[in-house]
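Right, one structure below, let's go through it.
All chains are identified by letter, namely A, B, C and D, in their written order; residue positions are counted from 1 within each chain.
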């Protein structure tokens, strides 16, 4: 039996799916806060890999403070232009020299940010529409980590921190998460007029789900108001179709509800960062991609944190992973919350407490499944360094 | 009877005070994230007042994106020095001209930030230890607000947003909140060696409360390790005394637990921003001053938002105010959560739903107190503009 | 006969060619100061054209203050890398709105700078090796100019300013100017290892000319010290060949004389801006491409100034053009200086004084050629707006 | 007899005082270019002293690239305000660590710049009217200098460079130099309405001297147009009085000639940097305080250069000092130019050539005074390190 302190207990609330009112939000990949999250995590992954390539281990860094200052634009049917560029300051700490080897952290960060923007916000011309600036301080040398290419050893927690994860997603959560994801992948392939800045708010009152979508349209693909209105209608229909895959409840879709006769959500680049909306890391989606006030959330910004030794990042990712694994492998769970609390000075695979709180389905008792849950939690904790590996490879969702 | 949609219902969880594990955190006023929150809110208040003075109403602005890039320092017993200055970028949007009157928003922001730092982080020499830079974009003219010196009219909600507040504070929450507050006011008056960057984590497991304090010491007041250790002891004793005022549970206080023989938490300016810790608005304390994963939290940054028309700010402040008022005026409430959900296009004093969820004390039923609760919620909503007034006057806590 | 105040008189010194000691310098196109000059003038031309395209006339701007902050690099035989990027701040003033039309001056400036760097310093990867930032203030509206697509009218001088030009170039000047030009065009086509940062100092003592070349070599084309030394030799031979085309005097060529066994002039990008050398507009070459302490020079920065109404720019370009034209069309001139002095409030084609000072060749008297000189000066003044046209088209040398 | 290569010869032109047309300009201490020069030199002196204090010798640095980006203001009779702050970027290179001792170069630079502005441009509130930012790169370690508190040894020239100085000043030069100096010291003590941004252009045609003064007036001291006009008159009278001390020629004084009925030279802070005029180091006055197109000038920026090993700075200061000393000690010199040309690798007190060119007064032959001149030049060269000492102490004029 494990020596880890794993507790399984009933959750002290109803399953979110059973609550009367539920609110769920997701800021899409082109939202200014998400742009910052995405850049921060892309830099993190690039730095990790550069350290491994050059010195064989990941050195100390944190790049979780990217700040976006909005530009201004002049969108026009058929194609407008940026007037003042967006300014993005890449900031944080990174180790710049190690045993005589210099690591060009600033140019790595700039390149990672540029590549990320080119791939994810393609209408932005990086360099004219966006200024990328960098102020990476020197990390303190004594925090160098032990994650090396020879394999990972489990680091000690150097902070008291807390991670929380949930599973399964409620219907409303699934709708919000998948609607944004599929709009920005499947839908946009057919309709390039949709920009990546899609913000979705889901509100469920008992058995009625209202999904409100704010979708930035790209002016160069839209020649007049009729085409704009048609695109709004296309988005509505598409999201409705997505929603029906995840629920039998009544669903109402609202798209760009703030539009008036004179004012519509037309942009030149597909993101509201072009005109007045600033952004920061850690202000938007939590590590599971959602903002869920009905559930416990960690304030910790996950994107851009060092995945080797930042306990907040690791525990947020790991608790989510644990919850998802448990729910997929153990039957009878209606709602589950996993909390991990670190203890300074002990290995991170031995948290002060790992706390699995469960709402079982009717006919299932916690006693029936407790051992299975403990076993999975234990195994996932034992494999904590796979979280690090995946983050180094850019293979985790952090926002 | 009110026409507002006010619902009172039992909360679907135990009172936080009755849960087994409780975690509470507060980043003190000198923490880099709190510095950003404080500056952002100080600028907000200064801009509001400037608009009122100059054009008779508060115009559109949001200054909730202050970004701090850490400096580097060389602390020494007896007094060290800053080596590289902290860089703080004041950003956001503000209306710079109104009917021919120019508003010097950039210089107002710089002055407000400087004054705030001088008052709250007195060891920082603004201008040499800290660079203040500013990039305030032009706000879009069509969002000008209606809050004028002739009195407020209630604005329409222009976003779907959500605010949440709680009362009363649990014992652990009271300890964490008051320990930081009193360290930074009462204690520091006697012991100037304590810097304002005090971070407090409270963890309660059933009836044992562990309070972990990370307290930046100011080197110019400390001549050697013995004096440092004595200060650590002073903080411990003081916090223990504070804690005992709020609880009869067992309390353990831990101060600067990461100290080793070679490494202590000594700073030149009293904030970790001097050496490697960046900060942002909205990444730290919620509007009630705490981070409380056991409770619903809003992700919305409250500091720096326009208090006239930013529904997220108003509803976070108002829901907290409502919860506090209800609990102080109505007996028999053990725990209470107030949620306010806006509806686009309707006056903000008529939320889509105002949802008061209550855990009553033994012997009290919700029916006994429901009418009283509704009446108070109704009155507070009717007086929503007092929240704006207080924020304009710099008279609310936002972090 | 002209009514312009044109004076022809003997110059009160020997011809430069006849002086005992002569010093001539040119900072090549890749020198940090020249990079700034080049960017400033490229932005100027781009803005002029944008104004003509969008509002039919050139509006007020000046972009003569580009500042380059050097980066750091780690050059290596076979190819090194940039470590910290070069930072270039594009600054100045520009009119951003005209009768309701917005001019995206910032993005135009960024694009012009990027294009200029891509073309002229090809080894620099703009965006990772170089950060381009922009702070263009709003120009004062009342200085809008009168140069329109309908044809130019001659503007009034709004400043007391001074321009000076010379012809013909001395042998040493020709060597310095052409050696840099041909190294950076002809030679580099064959030997890409030569970077564009070539600085040439010519010193003539009576009949001996010493040419000292500091030439940044590009590491990716050079695999070892022998290849480096060979390149140095190639440059020396090439410059020697160039020099002999312009003089029969004794010529000694010195290349990279600061090299030691341990330290050579090896770079990653071909410019010393990559490692410690900052640059500014107007600190290097004068409008004729040279620094010539033996001759009168104007302190005025020519690059980046508005070519419609900036009298300093126009008079420096025009006086050089006049001197060159006179010398090419009138025989018997050994040395000539043309000075133009503006008079506030009068048309710029009517300078306060146009002062042509001449050293004639043996056997020629000033009286023989005075009328011809006056006629040419008069005609060039009458056609002053062609200078503006050429500058708008990017068709003048300014550094 | 000296072994230095000192040549004395007739100058190959008339004395400037005897030329027909003479142009002289001085940008006063509050001109944007002069502000940059002044800050750059103040930082240089502060760094030199800090190095001496901390490590006993002056280390490598150059801070000659300060860039000022103008703000915008709203001047009003009786007192207006800054609208957008002036931005000043302090840049250059400095050694940040030496044998384990860290030198806080950035904070030293910020403090020196702030102190300089507070003293010289007192109406500017540094921190709100002006943003000071800093980007000082790491200097290359191998260029550390040998100027130590134990006394100076003469360094080797590491560049081919050139310095030039003149004496005595012509009447026009004396008028321009002293008018600005006394306006900004004596006059302003009585009339604080005069700002420090005073630009003076002197133009002499034979025996008529026109002095054109552009003087920024400070709005808080001037309540209406009449008071403004009175101040203009006061400046005119004062400058006329100054001029008459230096010449018997006819003098005409012109003050703020660009004023119209609607537009006057009124400022809030006393410098045109508040509204649209950018500035840079080395773009304005030469090391003797003047711009003198009738004389040879060096393009080298003197301000901010390291006074220990920057040969351009040292030779510009030294050649001026030599010329002044010779003229004050040797009778019979009507005009004199001293040129110093360095030779790489030789001690800087042994220039390649020191070239004194002289116009003697009637009745004096060069032979009469040649030996005296050579002796003084020789002695001044021998004492070259006193130039360094004075620059370290902030005791030289560099602009």
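The rule we apply is simple: a contact is a pair of C-beta atoms (placed from the backbone, for glycine too) under 8 Å apart; a residue touches a chain by one contact, two chains touch by 3 or more.
Computed from a predicted model, the values in this text were never measured in an experiment.
The minimal number of chain-to-chain contact steps leading from chain A to chain D is 2. Greatest centre-to-centre distance from chain A is found for D, with centres as Cα means.
Each chain gets a centre from the mean of its Cα atoms; for chain C and chain D, those two points are 25 Å apart.
Taking each chain's centre as the mean of its C-alpha atoms, chain B lies 51 Å from chain D.
Separation between the centroids of chain B and chain C, computed from CA atoms only, is 56 Å. Chain A has residues 84, 87 in contact with two or more other chains. Contact between chains, per the stated criterion, is found for A-B, A-C, B-D, C-D.
Chain A makes touch with chain C in their complex at residues 74, 81-85, 87, 96, 102, 104, 106-107, 110-111, 114, 126-129, 131-134.
Of all residues in chain D, only 9, 12-14, 19-21, 23, 64-65, 67, 69-72, 84, 87, 89, 91-93, 135, 137-140, 142, 158, 160, 162, 164, 201, 203, 212, 257-258, 263, 275-276, 278-284, 286, 291, 293-294, 296-299, 301, 339, 341, 344, 353, 355 touch chain C in the complex they form.
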